[in-house]
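Two complexes follow with chain A in common, the first pairing it with chain B and the second with chain C.
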Partner chain A sequence: MSQVGKKKRLDAKQRFVLAVLIPTVLFFVFFNFVPIIYAFYISFHEMDFLNPPTFVGLENYKRLIGDTHLYSSLRVTAIFAVTTVFIGGFLAFCFALLINSVKRGAAVLRTVYFLPVMTSLVAVGVIWGWLYQPRFGLLNEVLKLFGLPRQMWLSSPKTALASAIAASTWQGMGYTIVIFLAGLHGISRTYYEAAEVDGASSLQKVWYITIPLLRPTFVYLLITGFITGFQVFDQLYVMSGPLNSTRGFVELLYTRAFSYYQMGRASAMAFLLFAIIVTLTLIQFRLVTRQQVEY
Partner chain B sequence: MLKRRILGIIKWIILISGGITMVFPFYWMIITSIKIQSEVMKIPPVLFPTRITFERYGRVIGELQFGRFFFNSLYIAVTVTMAVLFTSSIVGYVFEKFQFKYRNTIFLALLSTMMVPGAVTMIPLYLLLGKVGLVNSHLAIILPALGSVFGIFLMRQTMQSIPNEFIEAGRIDGASEFAIFWKLILPQTKATLSALAIFTFMGQWNSFLWPLIVISSQDQYTLPLGLRMFQGQYWSDMGLVMTGATISVIPILIVFLSMQKTFVRGVTLTGLKG
Partner chain C sequence: MKRFVTVALVFMLVVGLTLTAGAQVTIRHWDWHQPRMNLKQKYMAEYEKLNPDVKFETQIIAWDDYWTRLMSGVAGGDVPDIAQFHNSQTQAFLAHLEAFPADLFDYEQYKADIINFEAAYLFDGTFHFYPVGIMTGLIFYNADYWAEAGLTEADIPRTWDEFRELAKKLTKYDANGDIQVAGFVPNNILGVFWLDLHYQLGGKLYGEGAQTVDWNNEAGRKALEFIETLIFEDRVTEPGFLSFTEAMGTGHAAMVYSWSWLGGELNNNYPDLNWSVFRLPTFDGKLAPGPIARNNHETGMAVMKSARPEAKDAAFRFLKWLYEETDYLVEVNLILGTAPSNRNLLDDPRIVSHPLISAVAEQVPYTNIPGEIPYEVESSYGLGMLQDLLFFGYSAAEALELAEAEANNVLKERPVKWYVEDLYVPVAE
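The block that comes next holds the complex of A and B.
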């Protein structure tokens, strides 16, 4: 009797597992694995909407070399990623330290700094486009107030990328601050108290205690920052400067695939991006896991 | 002592100027949307308008279809969020609490797809959805978003802390496997679920590139697409553009302000970026 009951129970379990697992596997096969394999296939073909695909071998990959548009878009993307990660990260770290040190109002400050994170990047681009507007924009009026010369901001190829990066930093800083704050809360007070007994200054405490102990947070932000930074699209597309001065890698890929219908060429670019991201991540892992700090 | 006080004051000056920098663009957006037309592009700029108007809101929501874009964004984001919460938790539960063949292999295969940038899959996915006639419909946005590897991973982690005794107790009571999951397990994961809900919703609400690729007719637009179109079409009428921006930004800010504790916990819990 009990034997039968046990067997039946097992069946119910198995049925449940299968009922969940089969649709899951089918879903991810169709929406993840098939597209990845298909993308690989496309990258070896000349492909648009009208004609059947023609096999071109490595042609699409060979054309990546010496492609000046691609180089300039990579440059834009790399500048974007490096500056948002390092300058944005440095600013966020400073603000996180300050917010962490106040006795009252830390929660309010955190909320205020987090507001732009919630905003869509398209909206950020639109709002900052208005602030940056050369003739009627507010920022040039602010400059005038301090007796500084007017700027063209997004309208000049010289300043467009820097302006777009500044607006993106404004948008993303709150996220980094919150991550740093979580890390800072994890550091035990006793380390600081011991340092105070030894007469350490505030800067010394930050340098010898906070920074080494926040290492995992820095590593996390560095790696995820580069992964997302290299895939930037929205901000640069919406705050576009003249002469492709803000055209990033994904935007070039998007334009080639969906405006010029060069699906094969764009797919080869996508795999290049994949390779760049994987390589950067591996290098960073190597660099940061070499030494670990423990107290 | 004096030095400490001065440092304290400097600290607050930096924090407050930073805070103003964070808030001011929103103020400028809202104020531009309600200024009277002659003051929108006035030099020097009018910081505190004495006369305001809400005329543009009616026009932007009705005639210029922002009401429609808002509804499109809302129902896509709600549908996707509901679906992701359900699929992530039930799949995470199965992976954590059941033994089956190839469990780890399948799980690793799923995780490995997280490494692949969206740029790789967007072209083939567009072509595949085109073949089944789904391009330029909301289904093209909703269907690929119904399952989330990250969500499954997150929910599986959460299920780890739930003791197996709960499941055993449910089985002894004769509850069905689904009922055990739905009534006994799911309610215990509320904290993670709310974090996942917020980020899924926010990600969909703000999503731009994929809708830009798959949606072409204007009545199917989501808010970011509508706003982008606005920026191109009405660049000379900043009052209108800022009205559109306000409509797409303010609701999510209100949601954030009303449940910010969950939000901030969510960020630190998931480490997830927008």
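The block that comes next holds the complex of A and C.
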């Protein structure tokens, strides 16, 4: 009998791999891929889910151009993303260096700094809301002890975004510290010992050894930080400030979709956000992966 | 043969009757408000006893998710047979609600009995959700502070000038001059409070045909300047003070403005608070001709158009039965802090003896319903902006101009179709 045309049968291992993969692939296809394609389809339609969709071509995308609320929400989102990535990242790096040098009580410390990450965002929002309360809040009481003037925090359009960013940075820092610590543990002691023999100071060791060797960690945190920063919703939604001073892009998208029931327009916004994030990610990738460090 | 036919007929009759007797309808129902659902469940259980062929399946869905779920339910064909409804969603859902059948529900009787029935409920001659109660804005006060200041019910202010003096008298400052107990807190509801004052001064929410709002006018400016005086001149509250609910609940307010739902909130979350309530004062002390405030209706249930056919008839029969139960209508209004929409229930002893509901009932005939207000106009891009603009240094005119422009942008995006503000009939003095 000829071998041509005979079907190749899978062995047990391949069948197992397939059996394990199929549910995941199906899940991804039905719960991620299909909705994304459908969202792209409805971005060219006027649709509220309650009535049949009407094809409007590029109208939903065109309307985004003249949408002033969209620009202000993009500004808020960009400020949030840049600040949380750079300031939050810098602070987390400093804390990671400090924690890395701690010999005793490291386990307790790990729990303490990771606790906010595990806390419900709504609970964090409520607690920080009270801390920030201008008349009876704890932060203003502390300022009063030092003779400093009372601040409006979340209640002023001038300080609301900064206040929300501070609270959000506090909550997310534990995760960034863990990533930095993992990177720090991967750096061999021998580099530091060699530097010590050469008489390098602590700051020089950080500058010439730690930072260059943590480059992949920085790249990872920068890219994922920007992606999550641009998708921010809950942090700003829970700690909202007056005059839409903390209204981010995704919150505006959510309002368009679920308050105005403008699903087509909201989908167009989602694809605009996707384009922004992809562009930024590619730029970052180009910029930060040019040089590789090797010792 | 004859015998055979007889036996066959009897057999078919028995089978038919058995099948009919065994057919059971399950009515699915959604609501977002647990206390109201608890009450409904009590009546549903009673109805099930009276009608063994009907069963109920109920589900609570939080308000924030409710309309999204209902919307996706309509799209996906998975809706409750009876949905609790709210008139803020009229424009979006009206086409998906079944009209109450005229052969079961007496439209003419409702026109006579239900307050604002034609304005608030009739769309193209039919109604799609049942009228239950009416809410409006009132002044809530801390009865302990009131008594401490030597005040009695006779001191309830009837004019805003009297109210100002009272608010000043009730404000307490600490040694640093900071407000400890605010005499009056409209914080976080200032725009809604302003709208009532705007009505009192002859203003309206909407311009011609509800295509724009009409705020930046003499009445609007005068109303906002009055609030400005309370805050910056009288210092009965201040920017950044607690919200009206927090201030009232935690004993940091002697008086707050709120809609009547606050009564339930205070009873549930601050059960030890000794509070009472009075109707809004006016600039000249008179109620008529009105309107002196806005009202809105707390609607009842609706039958979904895409509900299962076998459940629709049963659903309407149940609603007919339930809404003829005076006890249910009174009890649900007591839970919601609303005055009954049905005029005949306003004299019910349980309503008359309830301080909150009786205050609502006293004010309601002098209030107006404008129709639909898009969420954004009421919150972040309209009325909600007035407080922030005023707090952060804008004059009344500037604040109204900016808020009006933003609200008009929203109306361009989301035109209002249900508009009944001009139907208000002034009450004879």
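Everything below uses one rule, namely that the second predicted complex is superposed on the first by the 265 of 295 C-alpha atoms of A that agree within 3 Å, B and C clash if a C-alpha of one lies under 4 Å from a C-alpha of the other, contacts with A are read in each partner's own complex, and residues count from 1 in each chain.
Throughout what follows, contacts are C-beta pairs under 8 Å (C-beta built on N, C-alpha and C of every residue); 3 or more make two chains touch, one makes a residue touch a chain.
This structure is a prediction, so every number in the text was calculated from the model and none was measured.
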| task | Judging by the criteria at the top, classify the pair chain B and chain C on chain A as clash or fit. | result | clash
| request: Considering only the touch criterion stated at the top, classify A:Ile127 as touching first (chain B), second (chain C), both, or neither. | output: first
| task | State whether A:Val34 touches chain B only (first), chain C only (second), both chains, or neither. | result | first
| task | Of the two partners chain B and chain C, indicate the one touching more residues belonging to chain A. | result | B
| message | So in the superposed three-chain picture, is A:Tyr192 touching just chain B, just chain C, both, or none of them (first/second/both/neither)? | response | neither
| request: Based on the superposed arrangement, let me know which partner A:Phe274 touches: chain B (first), chain C (second), both, or neither? | output: first
| message | Looking at A:Arg247, would you say it contacts chain B, chain C, both, or neither? Reply first, second, both or neither. | response | second
| said: So in the superposed three-chain picture, is A:Phe218 touching just chain B, just chain C, both, or none of them (first/second/both/neither)? | reply: neither
| First (chain B), second (chain C), both or neither: which does A:Phe258 touch? | both
| query | Taking the superposition as given, does A:Leu50 touch the first partner, chain B, the second, chain C, both, or neither? | reply | second
| said: Can you tell me which of the listed chain C stretches (8-16, 44-52 or 62-70) runs into chain B once everything is aligned on A? | reply: 62-70
| chain C-contacting residues of chain A that also contact chain B | 133, 136, 258
| message | Going by the contact rule set out above, which residues of chain B touch chain A in the complex? | response | 11-12, 14-15, 18-19, 21-23, 25-26, 28-29, 32, 41, 43-45, 87, 90-91, 94, 98, 100, 106, 109-110, 113, 115-128, 143-144, 146-147, 149, 171, 176-178, 202, 205-206, 208-209, 212-213, 223-224, 227-228, 230-231, 238, 241-242, 244-245, 248-249, 252-253, 256-257, 260, 263-264, 267-268, 271, 273-274
| query | Which residues of chain C touch chain A in the complex? | reply | 67-68, 71-72, 74-75, 92-93, 95-96, 178-179, 238-242, 252, 374-376, 380-381, 385, 387-389, 391-392, 413-414
| message | For a test of understanding, state which residues of chain A touch chain B in their complex under the given definition. | response | 9, 12-13, 15-17, 20-21, 24-25, 27-28, 30-36, 38-39, 42, 95, 98-99, 101-102, 109-123, 125-131, 133, 136, 138, 141, 170, 172, 174-175, 178-179, 182, 220, 224, 228, 230-231, 233-234, 237-238, 250, 253-254, 257-258, 263, 266-267, 269-271, 273-274, 277-278
| note | The residues of chain A that touch chain C in their complex are 48-51, 133-136, 150, 152, 155-157, 242-244, 247, 255, 258-262
